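As structure tokens, the structure follows; a few thoughts come after it.
Chains here go by letter, A, B, C and D, matching the order in which they are written, and residues are numbered from 1 within each.
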Amino acid sequence: MSQKHENENIKDIMDIKKRSQWADIWHHFKKNKAAIVGMILIALFVCLALFAPLIGDYQDDALKMNIRERLQAPNADHWFGTDEFGRDIFIRIVYGTRISLFVGIISVSIALSIGGFLGSIAGYYGGKIDNAIMRVLDVILAIPAILLAITIVAALGASIMNLMIAIGIANIPGFARVVRASILSVKDQEYIEAARAIGAKDHTIILKHVLPNSMAPIIVFSTLKVATAIMATASLSFIGLGVQPPTPEWGSMLSGGRAYIRDYMYIVLYPGLAIVLSVLSLNLIGDGLRDALDPKLK
Amino acid sequence: MILNNSILNVEDLVIRYVTEDGIVEAVNGVNIKIEKGKTLGLVGETGAGKTTTALSILKLIPDPPGEVVKGNITLSDIDIMKADENKMEEIRGEVVSMIFQDPMTALNPVITVGDQISEAIYIHQNVSKKEATEKAKEMLEMVGIPGNRLGEYPHQFSGGMKQRVVIAIALSCSPKLLIADEPTTALDVTIQAQVLELMRELKKKFQMSMLMITHDLGVVVEVCDDVAIMYAGRIIEQGTLEDIFRSTKHPYTEGLFNSIPSIDDRKAKLKPIRGLMSDPYDLPKGCAFCDRCDYQMEICKTMKPEKVHFSDTHFVECHLYNKNKDFKLNNGGK
Amino acid sequence: MSETILEVRNLKKYFDTPKGKLHAVDDINFSIEEGKTLGLVGESGCGKSTTGRVILRLLNATDGEIIYKGRDIRTLSKNEMRELRKEIQIIFQDPFSSLDPRMTVSEIIEEPIKLNKLIVDKEKRFERVIELMDLVGLSRRLINTYPHELDGGRRQRIGIARALALNTKFIVCDEPVSALDVSIQAQILNLLNELQEKLKLTYIFITHDLSVVNHFSDDIAVMYLGKLVEKASSESLFNNPIHPYTQALLSAIPRASLDNKVEKIILKGEITSPINPKDNCRFADRCNYATDICREKEPELEEVAPGHFVACHHFKG
Amino acid sequence: MLIPVMLGVTFLVFFIISLTPGDAATIILGNGATEESIKELREEMGFNDPLIVQYGNYMKDLLTGNMGTSYSTGKLVSGEIGQRFPNTFKLTFSAIFIAILISIPIGVISATKQYSIFDNTGMIFALVGISMPSFWTGIMLIIAFSLKLGWFPSSGMDGLQSLILPAFTLAIASTASITRTTRSSMLEVVRQDYINTAKAKGVSKKNVIRKHALRNALIPAITVIGLEFGILLGGAVLTETVFSWPGIGRLMVESIQRKDTPMVLGCVIVFAVAFSVVNLIVDILYAYIDPRIKANYN
């Protein structure tokens, strides 16, 4: 082979910058305008949740009833109006953001850690272990997730803690399946064999090759599942099985306002919009990530 | 030029793909002529523009991102450029049909092979469904598959059998031109031999013309009369089998020959073409092969070479022959 | 002068499938001398790749011995095996799936050195990576690119550099050029040839393409459905193919030449899969010369001429 | 396959429900009951037996169609559920029917005209559709179509008129998600080689889509329809609550509030069985559409 030796100094070559893959992903992600809108909206929700106390006091503004000011239409003092107890709907939505995001993220973390663990064991080792795990999960999958969550909360009692546990457990099989499928698709690649051929140990292979390459679908799925978890939180609270009044939560606010929809529809309009916007944003981000992380499109 | 004797005439065809990353000039002024009953081999490596050229004859370039910029295509006296979608539907399968590379994916997995063959017959010929099925059975037997397997699905056939079914579909309406896009590349050698044998036989039987796309000069010897060598969207050398194999003119053609490990001469040393094909997004101003060429001259970098004719059948696009048609390559031909 | 570096005895690899036991490799024997190349040839599904993987213990053999420099690879402990992997390596067929898409060129080439703690100093290791890139003809400026940004030929060079990163003596080349274009294929074949001379490597060259091995191998073994049907020196095999399958295979290769036309032998049918095979000649169904004995009894691999082995009831040289 | 899964499901649900705090005997007899009578009832109902024995007894009864008696009304659970089941069936099947009817054509047209205005609007609607919680959509539809326009009743079950709003409410999310799947699998299919083969033999555009692409694209779509049915069953709980629809979903919510354990258990089991049966139908449909799967069964 005729070999052109470039007279480059070793030091110079060492300085050639390695382009990070995250930069690549971000480069693709930011081309997707819808996903960027979703990102901005979610950032807004997060800010609202973090800085809620700057907008209004939890005890005085979000909880305390003020019968004199009840059922006001949106106005300069109360941007989204007041509810049947005279509480400011905007401030209650802001505090509701905290609960929705918190429950969403924690319940997905529960499902991801347990489901991910089961899924990766099933996927990497295969065979009988795989079979046993997947059959048990099939049983859980036979009950529609939201019904399972309802049943669990019904048995354990309604509280934020139980809500997170219930939604988390109901999502375990889904995560296990996604993680398993993703690991299976990576496991058979030749570069895993190549790693074994150069003497890499099992844990090196899993940590350095299998996991990084199977992350993409898991990240996307998690994003989308935070959205469904937020929806589930609101749903359970709506039927009285989640967050209990007077704690401000979007679903329970809707439930409380139902009696007044004939004349005061804004009571149910804004909490609902909050749900739609947060869930929509997460879905947009999820779609954007799916495209940006797909190596086929690169 | 005797026009009415040619079945396919492609003139100055330019096709490009417009993508996010830029414009790819996939086909860059291609001329092809195939005479009745003759087989032309279109040879080139990945990305040379062979398949794009073939798809344009059927007007099946995916648009977007593909775009036929200019050129004329005359197929059996029909002006393809002016034909509308309805007209094209009549032409496809009836006048021209195409075999795709991978038999594993070329058949619809949820439709029986019988229905896939009879569909073309039913569309183009004035027959009943029953007659079409009858004809499909004949076709299946003609490609060497028992007629009673008509009702089976593609997954029940092996790779070679699938390619036979694909051939049966393509020939079901006795087209005047058959385009075969690497029909044996995905097959094992012994199966390839079977399929090539079958194609030779059927070509004789149907008296049709053929455009054989391949990267394998060995396959060319077995089925083709004429050869066109394609590189970076242009045909850089064309001639009869004798022309190309016995008096190779283009350095790229020579390079291709030198890259093939010979089965009969173990001592022959491989002399690969150096480097890689130019970036299709950014083709050089001059000859596209210039960077890889052992005979490179100053003019090659700046000017596109013109056609140089050696006979009625043989031409080359290379600056080497501008002044001296008798220039000899180091190792021309085999 | 040259010694046997690897000997495979009665090697078997069976897979359990829903339809029964798949005899992917079924009792094969061969040996390779140091610095030589053995071509292992056959069509898809004949068990040639499985053989390669079993030798490297990427798959565990069902039965048999794999003697490398006097030791049976199958009996080595995990640590001993890891030690041995510094000497025996593999180059894969698919230059796309054999490189981790999330690692850069230098990370891929560096990984074996790092894992086996061959060179601990970071800068020295880096110099070694550069040296390897020069050796396989990879331009230095590609050091921090990702595989998906490169073409098949360059990716295959990365795979070769990775295989050479350790103290490699023995390489299983699993169809290293079949996914590449002709001109690139020749580049890689020449590179492998040069490396063999320079580094005194021993190769098992697995391929479906007889013309490639002819060019390359000292000895050739032809496989069909898990069995060796013919084994000989390249010269002997090409000049005097004896087994009907080898003859058909040789004649079927399209020759890019107008001279030396060869009469084609067209085989019947297609290769099946060796699931629960009967005790007969596995080639019998497709063989143009098959008789009753072929369908009843399995032929043994016999020496029909010095160094030329054939497993056939009828053709014995 | 169905039977072991059902055994697992019943056990799982039985186990979860048994976690309910509070003493069943006290619930049945009310707070005023004497210590003595509570103890007696406990013995009589077998509440002192180990869980597995209780489960065994329940299953024995279940096989004869006996699901126990309601704690609160004293009526047979099976009777109550039998009465309500047709209503839920009516609601969910109308919803899935509407969803399929709308989503498949829109998905197909969107895919054939990728990036057209039709496609873009369709996809925006689909995204919003999967982001809207059904209970909120329901309330909004009530405000618009029954309170403002007065076209449909806002609650209860009284003829076809009353079915329309709840069925549409329930259908929206499923419509959106089936549309998205149909579109993306259609886009995948039209890129396949066999579509080119079909075009190359002169099949008209319309027939390429109808005869060659659609059947292949339906395979993933059917999976999603099966999964969506599970989500629909969960959604029925909420929709029935919003529209006071006398189905099992509402019965379940009411029973949870009344701590009527046998009734809750019965409802969840019926839901799980319904979902499993639908999944079985989906599997059969698969085999009908995809000959490769049929081959596995033979």
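By our rule, a residue touches a chain if its C-beta (ideal position, glycine included) is under 8 Å from a C-beta of that chain, and two chains touch if they have at least 3 such contacts.
Treat the numbers as computed from the prediction; the structure is a model and nothing was measured.
Note on interfaces B-C and A-C: more C-beta pairs are in contact across B-C. Spacing of subunit A relative to subunit B, judged by their CA centroids, is 51 angstrom. For the pair subunit B and subunit C, the distance between C-alpha centroids works out to 32 Å. Centres computed as Cα averages put subunit A at a distance of 48 Å from subunit C.
Note on chain placement: the centre of subunit A and the centre of subunit D lie 23 Å apart, centres being C-alpha means. Multi-chain contact residues, meaning those touching two or more other chains, occur in subunit B at positions 274.
Counting partner chains per residue, subunit A has no residue touching two or more of them. Counting only residues that touch two or more partner chains, subunit C has 187, 190. Pairwise, the chains that make contact are A-C, A-D, B-C, B-D.
Listed in rising order, the residues of subunit D touching subunit B in the complex are 192-194, 196-205, 211-212, 215-216, 289-292, 295. Subunit A meets subunit D in the complex at residues 135-136, 138-140, 142-147, 150-152, 154-157, 227, 231, 234-235, 238-241, 251, 254, 258, 261-262, 265, 268-269, 271-272, 275-276, 279-280, 283-284, 287.
The touching residues of subunit C, when paired with subunit B in their complex, are 43-44, 151, 153-154, 181-187, 189-190, 208-212, 214-216, 234-235, 238, 248-260, 264, 266-267, 270-271.
Taken together, the subunit D residues at the contact with subunit A in this complex read 4-6, 8-9, 12-13, 16-21, 127-128, 130-136, 139-140, 142-143, 147, 230-231, 233-235, 237-238, 241-242, 252-253, 256-257, 264, 268, 271-272, 275-276, 279. Considering their complex, residues 58, 60, 85, 89-94, 97-98, 100-102, 105-111, 116, 119-120, 123-124, 153, 155-156, 166, 169-170, 172-173 of subunit B touch subunit D.
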